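In what follows, structures are represented as structure tokens.
After this come two complexes, each holding chain A, first together with chain B and then together with chain C.
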Partner chain A sequence: MTARPPVSGSLRNRLVLTLIGGAAVLTVLLFFTVRNYATQIAQQGQDNILGASAAAILDSASIRDGQIDVDIPYSAFSMLATPSDDCVFYAIYQDDVFLSGYKALVPERGASDRGGVYKTATFEGMEVRLVTVSRTLIGAEQRRQLHVVLAQTQDALSETLDQISRNAALLGVGFFSLAVLLSVWATSTTIGPLKRLADSVTRRGPQDLSPFAKPVPSEMVPLVSSLNSLMGRLDQSLGQSEDFIAEAAHRVRTPLATVRSYAEATLQRVDREENRNAVRSMIRAIDESSRAASQLLDHAMITFRADHLDRQTIDLGELVGELVTRLTPLAEMKDLELNLRAEKGVVCSGDPILIQNAVRNLIDNALKYSPSESSVDIVIAAEPRPHVCISDQGPGFPPDEVGKLAARFARGRNAEGTIGSGLGLTIAEDVATAHGGELTLSNLAGGGACVTLSF
Partner chain B sequence: MKFLLVEDNHDLADAISSRMRLDGHVVDHAGNLDEATAFSEVGDYDLILLDIMLPDGDGRTFLKEHRASDLDTPVIVLTARSQVSDRIGSLDLGADDYVTKPFDHAELEARCRAVLRRKSGKSQTKVTLGGIVFDPVAGHLTVSGEMVTLRNRELRLLELFLSAPGQIFSKQKLVDRLFSYDDDVSENAVEVYVARLRKHLDNSDLEITTLRGLGYRLDHDS
Partner chain C sequence: MRNFVLLILALLPLTGLAQPWEDQRVFNPSGTEGPVRILSSTDTTIFAPVLDQFLSRNPTVVIEYLVTGTADIDRRFRADPRAFDVVISSAMDLQLKLANDGLAWQLRNVSHPDWAQWRQSLFAFTSEPATIVINRQAFAGHPIPKSRQDLIQALRARPETFQGRVGTYDVRQSGLGYLFATQDARASETYWRLMEVMGSLDMRLYCCSGDMIDDLADGTIAVAYNVLGSYAEARVEDKDTIEIILPSDFPTTMMRTALVSANAPQPDLATSFVRHLITHRPQAGEDDFMLPALTPHDNGHDRAVIPLEPALLTFLDALKRRKFLAEWEDAVIQP
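So, the complex of A and B:
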């Protein structure tokens, strides 16, 4: 298993949190901006009405017989009516002399004919909006400055403002929820290509070292190109080691073959018994070393392939049939008969190279331990599960060792004098285990070993 | 039989050829692909033994070209690799069989015989001697019109005797030829096969003579 790399946070969470945090700040800003703006507009509205009302009072003023006459029109107050029954106060001053109204209302400085002065103040414990307007009255050789102060409590205004604030808050919440949804969606579309790349890396078979060809977002190009170059290097080095093994095998086996052929030819010409024995031992040693080398390589390959099974649907009869054809000449050398009885269409799912290797090892064993002119029977059946059963008429397994023989390099007591590495049954058992099946060893009632490889 | 051996290692080629000549076969040796192509176009071979790794190219290229031409001389590949996938690869390309180096000559011979039997069913060259007709590929022995199929060891024994009539073969030599080197067999095991062969040759002019302390000899009494 490969080690899990240390994890530092999650891109998805980081992105979502940043986006949601940003949305929250924006929402608060939005709320205050809306409220502020609404307050200004509402204040403006009240100011306009107050101004108009005060102007109406001023307009009704006139100088008659040297006296200032102010007849406050009804409309001046009715236009100030609000649903909240706000209180209205007024005061009229001529120059700096109080004429009428609430004396506590003092005119603000700075009001002129061109416009009034507005101010928020506290009057009799209440928050009021206050306007001071003035007008210069010109009568017969007289110039009088008339000031009108008008104040109104702000109940209606604050009620309106409350309502606007509520609406603004609702708007803010809506905006925020929408932003959260959008940031989750944006995050998954952004993370998507990354996830797809990770999936396609995971789904790859063990032999697949081809570069990734699907288009990726430009930010991922450096990652994917380094991944591709890594794959390329891996592929190249795998290829090199395969070539190396082939070359090494070639270099070792060719001289061995030379020695063996010469040894065989020499054996035909040598007559002295001790020389013959020496040459025969030489041949046996060569056979032993080459067989061990093959099986060690096979075993290594099987261990590798068993981790990443290349599963295909296999017709067991066909696969074993090929093997039997291939092994028949070997059987004939000992005058052995290889009988294959296969049910039609027994299929299983597995790695053909592994299964072929396992069955070949089992048949090899049977051939090795069979007495001449006997037969080796191979039966393929689908019930209870797909299996290959190989039985011979040899000495069988020592009963007390049946459980141990599949261990690596283990050989039966009665195997002495037969060339073998002790890996054949190990390979077959490894293959069975990798396919979720099992290898069963038993002895036939009439003598002989019986090995069943089931899937 | 006549073989073409394509093998770049001269030591190995010599070793194989000398071993095969002992059995009475004719072996031509080609050291590279060019020679191999030249030989195979001219010579009329029963079988080609082909090494895969050659100095001027891959033996599989030769296989492909060989299959593309009309020659259907069977090919047995000599491979140094033991990986199953590589073996299958050479079979797919049209090799009839393969042996892994180092190989047992008895196995090579058994494979040659099996390949030839699959291809034609019988030998092109039959041995006719002393009233028998012997087909070493099919394993058929015809004595005065009556045909029997020999078992493999009987066949190999007869082949050996026929390769050198009149020559004495010691029991030990016969053991080495009939049994594999890892079988522990006594010299007496040979007697069984000699006895069987004698029975098959009953009605012919051939006789296997026992020479006490020396071995056996095939005699042709006419």
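So, the complex of A and C:
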């Protein structure tokens, strides 16, 4: 079990928060921009009407008989009608003398024939927009400056602004929600390849050290290429050590066979009992080494073949039957009986060499741990999954070690004194795993071990 | 005794200052709430049914109903806005100016058509056309005029009959007369020709519709121009002697309006009275309330009705009024 690496924040959260935060800022900006712009336009609209109305009043002025006459057109005030019924105030001044209207309205300085002066002010407790326009009237031997002040409350304007604000707020909310959806979508799209890479690393078999070939976004290329180069080095060094072990085992096995045949020959020639015993021990030690070497070879072979499984359809009964026939002389040497009970036509898909190797290791084990004059039962059945079950009448597995025995070089406590390398169960389990099956260890109720290899 | 005479002498100028009301009545004097002081241009007899109906629903309220001319209403109310609760007048322009000047209270949540209210503070509750009313006797054997043009011809045809027997509002005194005159002048030149013709016949000038109808009924005058049809209709006993003509060339229709004073001493009672006035109108024929109800015109496009809009302020401008009255006097008062 690998330790969980220390976590510092989350890319997804960081990305989502940044995008949403940006969207929120943009939304607020949008709201105020739209509102300000609309306010300006609405105010401009009111100003235009006020200006036109004031200009109409100004235009109606004339000097008649030396007296200023202002004939306010009906349309001047009519055009100021609004849906909110805004109040209208006006005042007409000649030079600085009040002529008519509301005396409390005072003209703003700065209005001339060229343009009016606009201002927002308070009149009689009401907020009003106020325009002052001015015109020079030229009569016989006199010049008169006429000022018209026109003011209107802003109820309709503020109602319009409220409406615009509501719409702008709605627009903002819509924009924001869309931005949130988009940022969540964008984030998962961005994070997606990373997650897919992690998944494909997780899904890989323990032996799979091949480089990642699927295309990845350019930002992930450095990560994937360093991952690939790391795995390449790992694969290489693993391969080297496997090769080394296989080579070493092979080199050891051949001279051992020679040594063993010499030892056998020597055993025939020596007569003294103590010498014979010494040679026998020698032969046993040689056997043990030779067996370990061949199991190491097996293991290396299995590791190699498991990566490139050569699947065929196999009749389990036939395969195991052949093996049993081959092993029967060995069993008889130990006064053991091999019983094979196979259902007809139990078929599975797998690599025959590997499966045979695994079953042979298991039968070897059973033969090794069985007492003399007992039997080893081999059962092949199709239900629930195709499986081979091998049971003996030996001491069984120490119950507390059942889980650990399949590890490399692990041996049971009660295995001392028996020749073995501790690789038999490992090989069987590796084969089972490579085929997607499993190896189950258990003890029989009446004593003896039972190993089930299922596919 | 001498002191008493002195006291009377001292008080005399005061009584002289306070102009008398045309009519002044207290309704439900035994009530406990109020009084609600209503300043109105509508004759008490015509308005009494509305007051009675309101009082039947609010039996504890005292109403003081004060009647005077439209121009006088404006003068009195502006002089002391705290003295009155409700102002009812037929002079729409003066009423609109009161509301424009912030003297009217804005009522919330009153559902009244847009064209019949202004700024939620001025509410119209009748629509009453200006009419020509004639004495049937004067037209016996002659065609009845149907329009202003017809009237001009009729007057020109028989000046001896109409000499000194035509009448209209004195627009200098009457707010409603001024409103009708300015709207007529705005609508057509015919108005000025009619005024010239009537002026040449030594026209009589009146302050109020009621006086004009009185003189029509007893034959003092034969033709009255711009009389409120509703007042004439109310004179059931004179139905045989007078005839009301709705001029067919262009009608001028006024809406009677009510407002609650912004400084009303009894704002709640005043508000509920105005609400009652505009929502609980007696059905036609059901009661003897004789003012015609608002004619529902869907979107205010009825050009006959003077719209409630700031343009009504135009003819109230001092310079404009001076100019209009000068023209009017030129036409009407002929040497």
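The rule is simple: the second predicted complex is superposed on the first by the 284 of 455 C-alpha atoms of A that agree within 3 Å, B and C clash if a C-alpha of one lies under 4 Å from a C-alpha of the other, contacts with A are read in each partner's own complex, and residues count from 1 in each chain.
In the analysis below, contacts are C-beta pairs under 8 Å (C-beta built on N, C-alpha and C of every residue); 3 or more make two chains touch, one makes a residue touch a chain.
Predicted model only: the values in this text are computed from it and were never measured.
Chemist: Per the contact definition in the header, classify A:I72: touching chain B only (first), chain C only (second), both, or neither.
Modeler: Second partner only, chain C.
Chemist: Going by the contact rule set out at the top, does A:R385 touch chain B (first), chain C (second), both, or neither?
Modeler: It touches nothing on chain B or chain C.
Chemist: Which of the two, chain B or chain C, is in touch with more residues of chain A?
Modeler: Tallying touched residues of chain A, the top partner is B.
Chemist: Would you check which partner chain A:K404 touches, where first means chain B only, second means chain C only, and both and neither mean what they say?
Modeler: After superposition on chain A, A:K404 lies in contact with neither partner.
Chemist: Quick check for you: in the superposed arrangement, does A:R341 touch first (chain B), second (chain C), both or neither?
Modeler: So A:R341 meets neither chain B nor chain C here.
Chemist: Using the touch definition from the top, say if A:R196 reaches chain B (first), chain C (second), both or neither.
Modeler: Neither partner.
Chemist: Between chain B and chain C, whom does A:R143 touch in the aligned arrangement: first, second, both, or neither?
Modeler: neither
Chemist: For the complex, which residues does chain C have touching chain A?
Modeler: Contacts found on chain C: 99-102, 114, 118-120, 186, 309-314, 317-320, 323.
Chemist: Looking at the complex, which residues from chain A come into contact with chain C?
Modeler: Those residues of chain A that touch chain C are 69-78, 80-81, 83-89, 92, 99-101, 124-126.
Chemist: Where on chain B does chain A make contact in their complex?
Modeler: 9, 11-12, 15-16, 18-19, 22, 53, 78, 80-86, 97, 100-107, 110-111, 113-114, 151-153, 170, 172-173, 176, 180-182, 184
Chemist: Under the definition above, what is the set of chain A residues touching chain B in their complex?
Modeler: These residues of chain A touch chain B: 246, 249-250, 252-262, 264-265, 267-268, 271, 273, 276, 280, 283-284, 286-287, 290, 293-294, 297-298, 301, 326, 328-330, 332-335, 353, 356-357, 372-373, 417-419.
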